[in-house]
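Each of the two complexes below includes chain A, the first together with chain B, the second together with chain C.
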Partner chain A sequence: MGRHVVLIEDEPNIAEAIRFLLTRDGWSVDAHSDGATASQVIRDANPDLVILDLMLPGKSGLEIVRELRAEHGMQALPVLMLTARGQMRDREMAEKAGVTRFMTKPFSNAEVLTAVRDLHAQAGQG
Partner chain B sequence: MARDTLTGSRIRERRLILGMRQAELAREAGISASYLNLIEHNRRRIGGKLLVGLAGVLGVEPSMLSEGAEAALISTLREAAADSGVPVAELDRVDEFAGRFPGWAEVLAAGHRRIASLERTVETLSDRLTHDPSLAASVHEVLSTAAAIRSTASILAETGELEPEWRDRFHKNLNQDSLRLSESSRELVNFLDDGDTGADRRGMPQEEAEAFLQDHGYHFPELEEGTAEPADLLAGAPALASEASRSLALTALEKYAEDARLMPLPEMERQLAVHGLEPVELSRHFGCPLPAVLRRLAALPEALAGQETGLVICDSSGALVFRKPVTGFAMPRFGSSCPLWPLYTALLRPYVPVRRSVMQQGRTAAVFDCMAVAGPQGVPDFGSDPLYRSVMLILPGADAPDDPQPVGSSCRVCPRRQCPARREPSILKEEF
Partner chain C sequence: MASLNVLAFVCLAYVAFLFFIAFWADRMATRGRSAAWMRSPLIYTLSLSIYCTAWTFYGAVGYAARSGLEFVTIYLGPSLVMICWWWGLRKLVRIGRSQRITSIADLLSSRYGKSNLLAAGVTILAVIGVTPYISLQLQSVTLSFAIFAEADPLRGYNETSIVFWVAAGLAVFAILFGTRNLNANERHHGVVTAVALEAIVKLAALLAVGIFVVWGIAGGVSETLARIDASRIGQWNVDGSRWAAITFLSAAAFICLPRMFQVMVVENEDERHLRIASWAFPLYLLLISMFVVPIAVVGLDLLPAGSNPDMFVLTVPLQQGQQGLAMLSFLGGFSSATSMVIVAAMALSTMVSNHIVMPVWLRLQSRQASVSGDVRDVVLLSRRVSIAVIMALGYFYYHLSGGAAALSAIGLISFAGVAQLLPALVGGLFWRGATRSGALAGLTVGFGIWLYTMLLPALGGGLLPEHILRHGLFGLSWLRPEALFGIEGLDPTVHAVMWSMSLNALVFCLVSLMSFPSPLERLQGAQFVNVFEHSAGPRGWTGSVAQCEDLMIMSQRILGASEAQAFFQRERLRQGGRGPLPEPTPAFLERLERELSASIGAAAAHAMIGQIAGGSSVSVADLLAVADETAQMLEYSSRLEAQSAELSATARKLRETNEKLTQISEQKDAFLSQVSHELRTPMTSIRAFSEILRDAGQLGPQEQRHYAGIIHDETLRLTRLLNDLLDLSVLESGQVSLNITAGTLSEVLDHAVAAALAGSETPLTVLRCPEAEGFRLSSDLDRLAQVFINLISNAQKYCDAEQPELTVSASVSGGRLHVDFTDNGSGVPADAQQMIFEKFARVSPERAGGAGLGLAICREVMQRLGGDVSYLPERSGGAFRVSLPAAGEKAA
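Showing the complex of A and B:
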């Protein structure tokens, strides 16, 4: 199984930090900031994992996940959602939309790395 | 127990309240004491002439004895029982309770109504915190920036050998995000503290009244021309949801109308052309006290005043009872404002006009020309200590002197740590 991540995050410095971390951990990272084109980017890249911000310009992270889950071959793609909205209601909506794991900001680098490795391992076993 | 079977209990209750003996009431009503005893214990039904006679002696309407407490009271008590979540074994005796102990029943019902009112206020505020888009955006900005700082700082701290190019880039990011966090934190706190964000103001009487005034630009042509009374203007103001907010708005409009009568707009316009925004000259010309002139100037349309004007009024406790915001001059929404405002200097010296150039601290610091004076609230009386209110007109863009007085909005969002007037620590770093 490969180690290719698509990162959709409109906060450039968060995106840069995550890209640095994952690159050092042996991942190839495609970073994008626009929600409107995110679904197409993910389709084209066919990554092993997606990291997605909830609030994005153009289209929300939840909409993007719903679109992906409706497509053939995208149901099992691990999606880690990052968000500043950590209320139970937001978590429930994310789970309902098909998000694999939900992480609230501000998070630690270790948490992101652990989550990415866990999701990758679980997807490999599945 | 049915309501009409409790007439006797109510008669007994009323008699005991009046301190009458059973025999005394019986004699005055023309019946025997033993018969009255049966009536009072609900063992004899009464009506007609005897009921009217007893009610007359007891000084109440016959319906108060026959029908008991009002249906609304009973209904409220039932609601209180249902809302308590506790099974009330005596729920079927609520009529009896209200009939025998009307005072306590009213206390319980008033408590229940108060709880319901407070719950509505809490819901309103909670809804505002949850759904206000401005607040959500501010919180999102703060948390996103904090996430960026945390990730970047961790990389710098935990990565052993970091290439100089990456290290420089992360240092730059850290610096940018630190500034952003400072700014977004300030905006967030200002949002919570300030009154001029245009946010949903339901639930707070003073904010509702201020929103009403703001919607009219603090200017009311009908009152200027005398074509309407203050109360008439409230009729078309659905935004004033509570009785308290309507009362506050009415008071403000009545003061407005009084000032407008003393200083009619056409003459004010002529005098402004001669003197400009000089309250003392205008006070002399119109023969009006300075506080009224300052209020009047703040009520003029911007085109007539020639510039934006702000106004604050505080009572003797220092609480702000009126706020007309002005761009760049932050006014706290909750809690106390900066004691260095000339408003408070004037409050300490009634009748003495105080004029100061002030500058609020922060990245967007601007200079304001503040004119304040305190005067008695109402007509002073020999028999009581006077109450004072202080009024401050705020004019932006003053000709900046060399040393405008530094002031803040409130201690919580003021970065001047060494300020002698500080009441509580600030959440901001100095001069960030």
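Showing the complex of A and C:
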């Protein structure tokens, strides 16, 4: 299993932090900020993991997940969703849309790394 | 000459004969064997002749001898009423029957909401008005006795005792035959028959005297006419106003006199009798008045000057030595007096006992215990005592007035008194708007004026001091009894009638219009005015099948067709009958009533069944109960309606409040969620990079500095956000304190441009027009600068032109200063223009430096400064206009 991750995050500083962490952990990070083109980017990149912000310009993270899950070969793709709106309702909606794991900002670096490793391990087993 | 003994014997024999007739007629009536003639229109017409009292019998001749043809008016009034207004009388009779009216006081009280006050007032008025009249009858009988006494000087003669025994005898007669039955509405056959007989006697007597005068003394018709022409009666001038006034008075009295009401309405057997009486009674009057003028003329010729013309009917035959004719004439006069007194006493006693004695007695009783036992005895006793008292009043009035006045003058006073009832009576019959207050007020005014202008002056003596008569009440000349309001020169009778009747009618109408009738008055008013629609006249329910069909139809209307049919079917089976409908037995009617009352209430059911099964019209009490029930239901339902309206209003208010609260709550949630998001985003970066710096040991110094810079920037962002939030909350709560200073626009713009562009790498060119910026400002210039800085910063952030330019221009129009900020970028997209002033609204987040609160703050600030900030969509680039009140002119 490869270690290729697509990161969709509109806050440049957060994107830079995640890229730094994951690159150091051995991932190749493909970062984007636009929601509208995200689905296409993911489809083209065919990554092992997707990290997605909930609130994105152009298209919301939930919609992107729904589109992915509707596509053949994308059902099992692990998706880690990050959001600054940490309400219960958002978490429920995200799980319904097919998000694999949901994480509230601000998070600790260790949490992100653990989550990414777990998701990767699970996907490898499956 | 007949001695007084013979005269007394004849009188007694005559009265005994009347007793016998009355007794016999009563017996026949109670046994139900009364002959057809007793119920004939003839008896009715003859009984109406109690209008012709001793006043007309003796007085008419005196009247003619004194005032010429004016006496005709006394006959003219009633004749006009009978001929021209018999339909009005028919209405009166119909009401009397359908409402079970016992007297004119009862009629008025019944019409005006069963007011006992009104009834008592009318009763008192009638007693006062009629007392002189009764005394007049006593006087005429006494005078006629005196004529015979003069001719029989041997006998000791006591005038007072004669009057006393006449009054006592009449009282006994009235008591015996007028108060035999309790129900005043039952006819007094005995009395009516006796009155009819007396009517024949007086007509026969006058005709006999007349014939004797014309053919026996004058010697034929042509000679009589010649004598009339020669006498002063022939040249008498008719006083138009007196003529009209007295005709009117006699017409009014004919309707309003209690005794006339008694025989005309209460004793009426059949409405159709009125039709015949309408021509027969005027005919009777014509006959009885036919020989008045000849007797007067011959009397004036034959008898010595100074003899009382009121007694010509008696003295002319006596002077001619016609004893038998004189005796007949005496009996005629006696008949006139007795019939009037008896009927008047009966009518008045009914009124007094029903409207004065009984209410008082009942009130006294109710204080002790509930009324028990037989009330009949009390009523009969009170009627008998009333008759005695009325007779006594007449007797005393005779003594008080001294028996001196001319008969016709007393008669007219009486007429004018009872005529005061006319407006209330006629108004009550034909005008539904007439009210009790109006009737009371009109009666009081009319009666008061009558007392003051007619009765008191006539009594003279000590009752009305001389100076009042001469100079008016309180010395006010316009209050003189015989010249009210300064109208002088009128005949006293005309004057009194004019004022009392016109003011009576006027006050009656005005007060009726201004006052509001009670429900009972309304109901009774409708029943009276529309009496011909309410009651179908004399009718009886015949044929039980028709009756039951009516009941069926009514029940279907109330219960519904199927239910009513089922009920009738059940009843028919219960009776075991074979016909299609059950027999209307009392038990059946009772069950039906119960059935109906479940639907429409007890009173209504009772009234409805009574109307059909009882054959009688609905009683007032029933109708009243119906009205009450309906009113209660209406009130109840309207109360329910009001309650439900109140409830729904409250519910609506609650719903609105709830919606508003929900909205506010949602707004608060959305705002908190936004704030949370805006705070968490920089904190995420700060946490991530601070952990990187803490944990990662192998970072180069350049990377370290870069990451620390990010942390620093994000901290500043957080600080800005918090500042903006606080600023906005202060602005929105309205607690901001403005620091008003003076300056020019260019100074503020200088400061804003410098602050906005400081430390910015973005190359934004700001184009200004210094000569247009000379306006003086008086405002919070720091806050205004804040707005300008915000707008310039936005242009910096969002202008997407390659060479970004911002044009600042200023102008004044409509008393406002406009400062426009226009850049050369692509502007705000049309769909976003609506929301850019909302909190946390950002059009393109990737370029945003702030949290999207800038324009919201700008708008709040400008509103506090009395101005506004708006987006100008028609410009090519992004354009904002700041407008504020133009405080000063352009600086030189």
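The definition used in the following text is that the second predicted complex is superposed on the first by the 126 of 126 C-alpha atoms of A that agree within 3 Å, B and C clash if a C-alpha of one lies under 4 Å from a C-alpha of the other, contacts with A are read in each partner's own complex, and residues count from 1 in each chain.
In the analysis below, a residue touches a chain if its C-beta (ideal position, glycine included) is under 8 Å from a C-beta of that chain, and two chains touch if they have at least 3 such contacts.
It should be emphasised that the depicted structure is a prediction, and the values quoted were computed from it without experimental measurement.
When the two structures are aligned on the shared chain, A:11 is found in touch with chain B and with chain C.
In the superposed model, A:21 makes contact with both chain B and chain C. Contacts of A:57 after superposition on the shared chain: chain C is touched, whereas chain B is not.
After overlaying the two complexes on the shared chain, residue contacts for A:33 are found with chain C alone; chain B is out of touch. Residues 11, 13-14, 16-18, 20-21, 24, 55, 84-85, 104-110 of chain A lie in contact with chain B in one complex and with chain C in the other. Contacts from chain B toward chain A in the complex involve residues 139-140, 143-152, 154-155, 158-159, 166, 169-170, 173, 176-177.
Chain A contributes residues 11, 13-14, 16-18, 20-21, 24, 55, 82, 84-85, 104-110, 112 to its touches with chain B in the complex.
The touching residues of chain C, counted against chain A in their complex, run 673, 676-678, 680-689, 691-692, 695-696, 710, 713-714, 844-846. The part of chain A that touches chain C in the complex is made up of residues 10-11, 13-14, 16-18, 20-21, 24, 33, 55, 57, 84-87, 104-110.
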